[in-house]
Amino acid sequence: MSSSVAQLLPVLAAAEGGLNWHGFFFLLFALLACCLAVAVVLADNVVRMAFYLVLSLGATAGLFFLAGAEFVGAMQLMIYVGGTLVLLIFGVMLTAQEPFVSIKTPVRDKVLAGLVGGALLAVLIQAALSGPAWSGSAAEGGGGVALAAGQPSATPLGMALVGIRVDGDVASGEKSPEDGQVRSGYLLPFEIVSVHLLVVLVGAAYLARSKRRKSSGGQGADLSTGGMR
Amino acid sequence: MAEYLIQTVGLPGWLTWSLLAVLSAVLILNLMAGGALVFIWAERKVSARIQDRLGPTRTGGSFGWLQSLADGIKLLAKEDLMPEGADGMLFRVAPYVSFCASFAAFIGLPFAFDMVGLRLNVGVFYVVAVLGLEVFGVILAGYASASKWSLFGAMREAAQVVSYEVPLGMCIVVPVMLAGTMDLVTIAEKQAGWFTNWYLFHDPFTFVVFWVYVTCAVASVNRAPFDLAEAESELVAGFHTEYSGLRWSFFFMAEYSSMFLVSGLAAVLFLGGWNGPVPIATLLGLSDGTGESTGAIVRLLGLANLLGKATLGVLIMMWIRWTLPRLRIDQVMTTCLKYCTPIAAVMFAGAMTWLWVFPGGVLNLDDGSRRPGEIREGWLEGPGGRSTAVSDAPVDDAPALAEIAEVSK
Amino acid sequence: MVRSGSCEAAASVRLPTGVACETQQVMGDKNMRGPAFLESLEAAVPGGVVGTNLEAIDPWVEVAPAAVADVCRWLHDSPETGFDSLQCITAVDWFEPDPKKAAKAGWDPHLELVYHLWSTRARVSLVLKTKLPRWKDDQPGVPPEVASVAGIWRTADWHEREVYDLSGVVFVGHPDLRRILCPEDWEGFPLRKDYEMPLDYHGIRGR
Amino acid sequence: MSQVIDDDPRIIEFDVRTDEMLVNMGPQHPSTHGVLRLVLRTDGEIVSEIEPHIGYLHRCAEKIGENISARQFIPYTDRMDYLAGMNMNLGWSLAVEKLMRLQVTEKARHLRVLISEMGRIASHLVGMGAYGLDLGTFSPFLYAFREREKILDLFEEACGARLTYSYITVGGLTADLPPGWLERCEAFLEQFEPIIREYHALLTTNAIFVKRTAGIGVLSPDMAINYGCSGPVLRGSGVDQDMRRDGEPIYTAMYDGYAFEVAVMKDGHYPRDHAYPAVPADAVLGDCWHRFFVRMLEVVQSMDLVRQAIDQYSACKGPLGEPVKVAEKIPAGDVYLETECPKGQMGFYLIGNGSAIPWRVRARSSSFSNLSVLAELCHGCLIADVPAIVGSLDIVMGEIDR
Amino acid sequence: MNLLSDPVGVSHYLIVGAILFTTGIVCMVVKRNALGVLMGIELVLNGANVNFVAFGSPVLRGEQASILGLDGQLMALFVILLAAAEAAVALAITLNFYNNHATVDVDRADDLKG
């Protein structure tokens, strides 16, 4: 998931050897992500579901690297997989006592859900392929991916977050179409998100705080027999 | 290397590239496996020295250097048991998850000027992110061994590693800010020249941050006073109680390679990566001092430097392990939340003001880097903006980047 | 009677040439020893003291089985005696297995409980003895009963469990009377003179 | 974490419903000293109740005592507390001599003091090393054993054995010291002096060690007395009691002419504590740290005693005296004697009936009572504290199970 | 549309995004375990992220300007951040639910039933 070849693309594109590396790795990560996502649905044991989800999100992080969005890929690895899913796994560990580890869902629901999902998928794929603009490079059949910039840098992203949009248009280099001056950056949403995160975490901590309840007394196996027989 | 293969040997394009990819993967794998072997032997010798005894002497000649090989063979021969009632698939996969996590992190670590797996622009961020994934292997191992004790160990370690990522991240942000970029290669380049250029001596705040970083690194790798997971006295080897043979050795290798990785990272961020204390290469005129055009010898020198610093870090970790008793789980947590994080935050603020007051850095003899402010103008006025800015020396990212890393923690 | 440990006000530092205090005679006149102590004990627990032997190396006081708890409670609580520490409880099985020796043994078979008390303040020890029948109203196998002193000294808890486990004496009022050294389901009381090792225990050959 | 709040144990505050777990620190657990099984009722990390199960090493030495003569019982005594065999032998020999109203020669008396104090140093070294092992640091254990090896070498020269000596026996000692032994013993003490400062630096003043032990497992003086604790556990709680000074006349007579202070904290000061690291701020009297510190001070105290014993032994001219014959008849009557062993007060109760075979033998073990206080100390402590508390009690299973 | 030969376009990313999205929804529907539903949500969010990055990535578009430019990547960033917050709150609710009802089974959560 991590050996992104964004740097090597220009050289690869030049290599005429027929094999389009970018495609190969894309296929690898895409297959990984999708199969594991399906595995999450099929798995019964909740811990296995969590594990498959971790791998599938790792694969999507690889996809982000491939798409040149390195910062987002690293972010996904760190925040999403390293943070959120660890939280999720903690939740799974705390609640996965024997009875709840694998709750079976009746087959009837599964079939029904599969049908609905399949229909929705067909519609979406048809939409994805139809748009001419999107299949872009396939239409032009241009010489593979002409990556203009040399080493992708996270600087413009950082600058945008601080409020200065420097990206304009990567390839053609002309200013943003409408008003010609630089579009406003993301400073405000950025601050809002940080405050939002604070409030949410405080709320979550408050929700899950310890509550005062009469302890259920010293029940449980009597210590003297050790309960370990 | 690739051109040579394609022209002379006439291999088809895609075969050469796959060969090269496999080669680099194997190189890093060897580094880890070889490193682990050397460190196992070193651990035995260091602990022996500290405890006033000899350590392995008979295996393989005088210094017992074949000892870790003997261990390896023993581990291979051992039968891989699996407790019944354990979750088969997860039990088998767990060691490989934690191994791959530390393996993947090696890609970002620069060993010499151009010797780096992949020169990521978000190098440091990527390495820290992947280091955080090692926790999954531990949790799965603890859960899958279906025994109460290993679940305890896994939970403790997961809580510890996750909570120590916060101060670790904050400590890493300071050198990133000083260098203005997260790209490890650029950070190391900026510390070229005499050791006074190292970020360690850049300002008092970074000096303190280095020591906080060392504590957090030791904790996030589960060594020395923080090794709760395998606290023999309480939990009988914690999460890898049920493992034996090859699987256990993967955990072991993962631990040693992440130890090497964390001390390597410390070397790059604070101790000038491949730049030796005395810039021999420049003195001998081999390289022109900017680290640009470096011949093979200089790179080798650089490699020796970094390996030396990283091994030094690992030896110090071993030294700490054999002298200090172990902390309790709640003491570990309090040191993290009540001591490491606030100190790191204050030092970060201090370093920022220091940078503002002394832009070029007091001790920085050759003030190569431009002030962060200039970078912003550089972006704005260039019409084509991006393309021109990119062509010259690697771009210094604005401190804004630091804020993203800050918020995203 | 009560043997005094060392000199009354023993300085914490022993003098290099300290004169060994003359060992208190058993019948010494200190409030803790001699007839005064005996009278106050009998006054406190009427009918408690059954006999005494003051000439033995460790003089002891014999107490009626029923009065054990009261005597101990008085010894523990009363300020001037203040035996705040129970050193040891021992059960001695006075029973001669083969009849020849039994005839000239001079005592009839019985079980004897010996309590060793110690006062940390006065640094004085006291030995209490009490005679119990070997088996409860003479049916072999049913251990005799006596009041437990676990309430007075917490250390008695484990000591009484050991006496019950090895010599077979039931301590009435003990918080958790179980075998402590032998496995929970062991039969018989090993320290009895007429104890036979079981043939096998869970398949392990005994004899 | 769940805490017991406003002292009504019924209302326990707990955040996530974790049902209480019975965790079994089994007999083969690496941290407990020997085969001791602790069953902990834990709620998450907090130990709410602990039940020690003992008896795994029970050999019923008392029954054997009723079938062999008094002097033949000596080898059984040094297998009770196998880390301090000499002190055990001394205890039993004195008990039998008390019954037989026997008086050993001056030379034997001084040699007994010398040997038993060296035994105390060896036992405390193991106690200190094993305690470091419980808290996770491995090196002090090896340093302690390096020094203990030297003492064992000296013992081997004196009596031929390294662990189960049977050297001190009824009526005196089995053999006199070989020539040059005293010089070697003097040399050992000389080089041992500075090493004690090493131990203090390594453990007593180590910040992490203090954090793990100060204020943990606090034992109040009256609870210690009530539970019959003795030795360093009792003195660690501030009770000024040492059988070598307060014991039976026959035992205290042995230490006549020896100057020593009892290692106990009186009004805030240990005897001669100027030479040793100060008590850390958050150490409460009666906690694990104090028990450990009392043991360390006792090592120094024993070294002084050994030096005095060497002078007295070499000064006195008389013969060593012969121990009693193996099948010596012991008079009728019963006798009880407690001696100050490294772990605490070890008592022997002996009933003779005129023949050579005692009628009843009873050994009262100090660790037996010291361990019974464990349940009291571990209420509401963390799992990681249990080995720390068990280690501070310095128990030996051979002595507990007999 | 042989991927190995011609270059990867935005539409390929869109397909992957769609697959992730639908598996997420199916997972939310099918799973009875509250945490299973949570995982479904994570998958849905990831599907959306892939689309955002696809539209915003300079690499995939070949010559034309990418439709979203950097906004795509920034949107993805914010989605990741907010997903973390959302997961925290969802977990807190699940734990509360588990505390009160000793079960994590979603079907049993029918206290509001009439």
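Labels A, B, C, D and E are assigned to the chains in the order they are written; within every chain, residues are numbered from 1.
We take it that a contact is a pair of C-beta atoms (placed from the backbone, for glycine too) under 8 Å apart; a residue touches a chain by one contact, two chains touch by 3 or more.
What you see is a predicted model; the values in this text were computed from it and never measured.
If each hop has to land on a touching chain, what is the smallest number of hops from subunit A to subunit B?
Minimal hop count between subunit A and subunit B: 1.
Looking at C-alpha means, what's the farthest chain from subunit E?
C
Looking only at C-beta pairs that count as contacts, which pair of chains has more of them, C-D or B-D?
Answer by contact count: C-D.
Centre to centre, by mean C-alpha position, how many angstrom separate subunit C and subunit D?
So the centre of subunit C lies 24 Å away from the centre of subunit D.
Indicate the whole-number Å distance between the mean C-alpha point of subunit A and the mean C-alpha point of subunit C.
About 76 Å separates the centre of subunit A from that of subunit C.
From the mean C-alpha coordinate of subunit B to that of subunit D, what's the distance rounded to whole Å?
The mean C-alpha positions of subunit B and subunit D differ by 48 Å.
Hey, how far is the Cα centre of subunit A from the one of subunit E, in Å?
Measuring from centre to centre gives 7 Å for this pair.
Among the residues of subunit B, which ones contact at least 2 other chains?
404, 407-408
Can you list the subunit A residues in contact with two or more other chains?
In subunit A, the residues touching two or more other chains are 18-19, 71, 75, 79, 83, 85, 90, 94, 148-149, 152, 156-157, 161, 167-168, 170, 193, 197, 208, 211, 224.
Two-or-more-chain contact residues of subunit D, please, as numbers and ranges.
Correct list: 16.
Touching subunit B in the complex: which residues of subunit A?
Listed in rising order, the residues of subunit A that touch subunit B are 1-4, 7-8, 11-12, 15-19, 21, 45, 47-48, 51, 54, 58, 70-71, 74-75, 77-79, 81-83, 85-86, 89-90, 93, 96, 148-159, 161-162, 164, 166-168, 170, 173, 182, 190, 193-194, 197.
Help me check something: in the complex, which residues belonging to subunit D touch subunit C?
Residues in contact with subunit C: 54-55, 58, 60, 62-63, 66, 98-99, 101, 222-223, 225-228, 239-241, 245-249, 252-253, 255-262, 266, 333-336, 338, 345, 347, 349, 351, 359-360, 362, 364, 368-369, 372, 376, 401-402.
Contact residues on subunit B for subunit D in the complex?
47, 50-53, 148-149, 152, 225, 227, 231-236, 322-331
Residues of subunit B touching subunit A in their complex?
Of all residues in subunit B, those touching subunit A are 2, 6, 12-15, 17, 21, 25, 87, 89-90, 93, 104, 107, 117-122, 125-126, 128-130, 132-133, 135-136, 139-140, 143, 151, 155, 158, 162, 165, 182, 375-376, 379-380, 383-387, 390-391, 394-395, 397-398, 400-401, 403-404, 407-408.
Enumerate the contact residues on subunit C facing subunit D in the complex.
The touching residues are 3, 5-6, 10, 12-18, 20, 23, 56-58, 84-88, 90, 92-93, 114, 116, 120, 123, 125, 127, 153-155, 157-159, 162, 166, 179-183, 190-191, 193.
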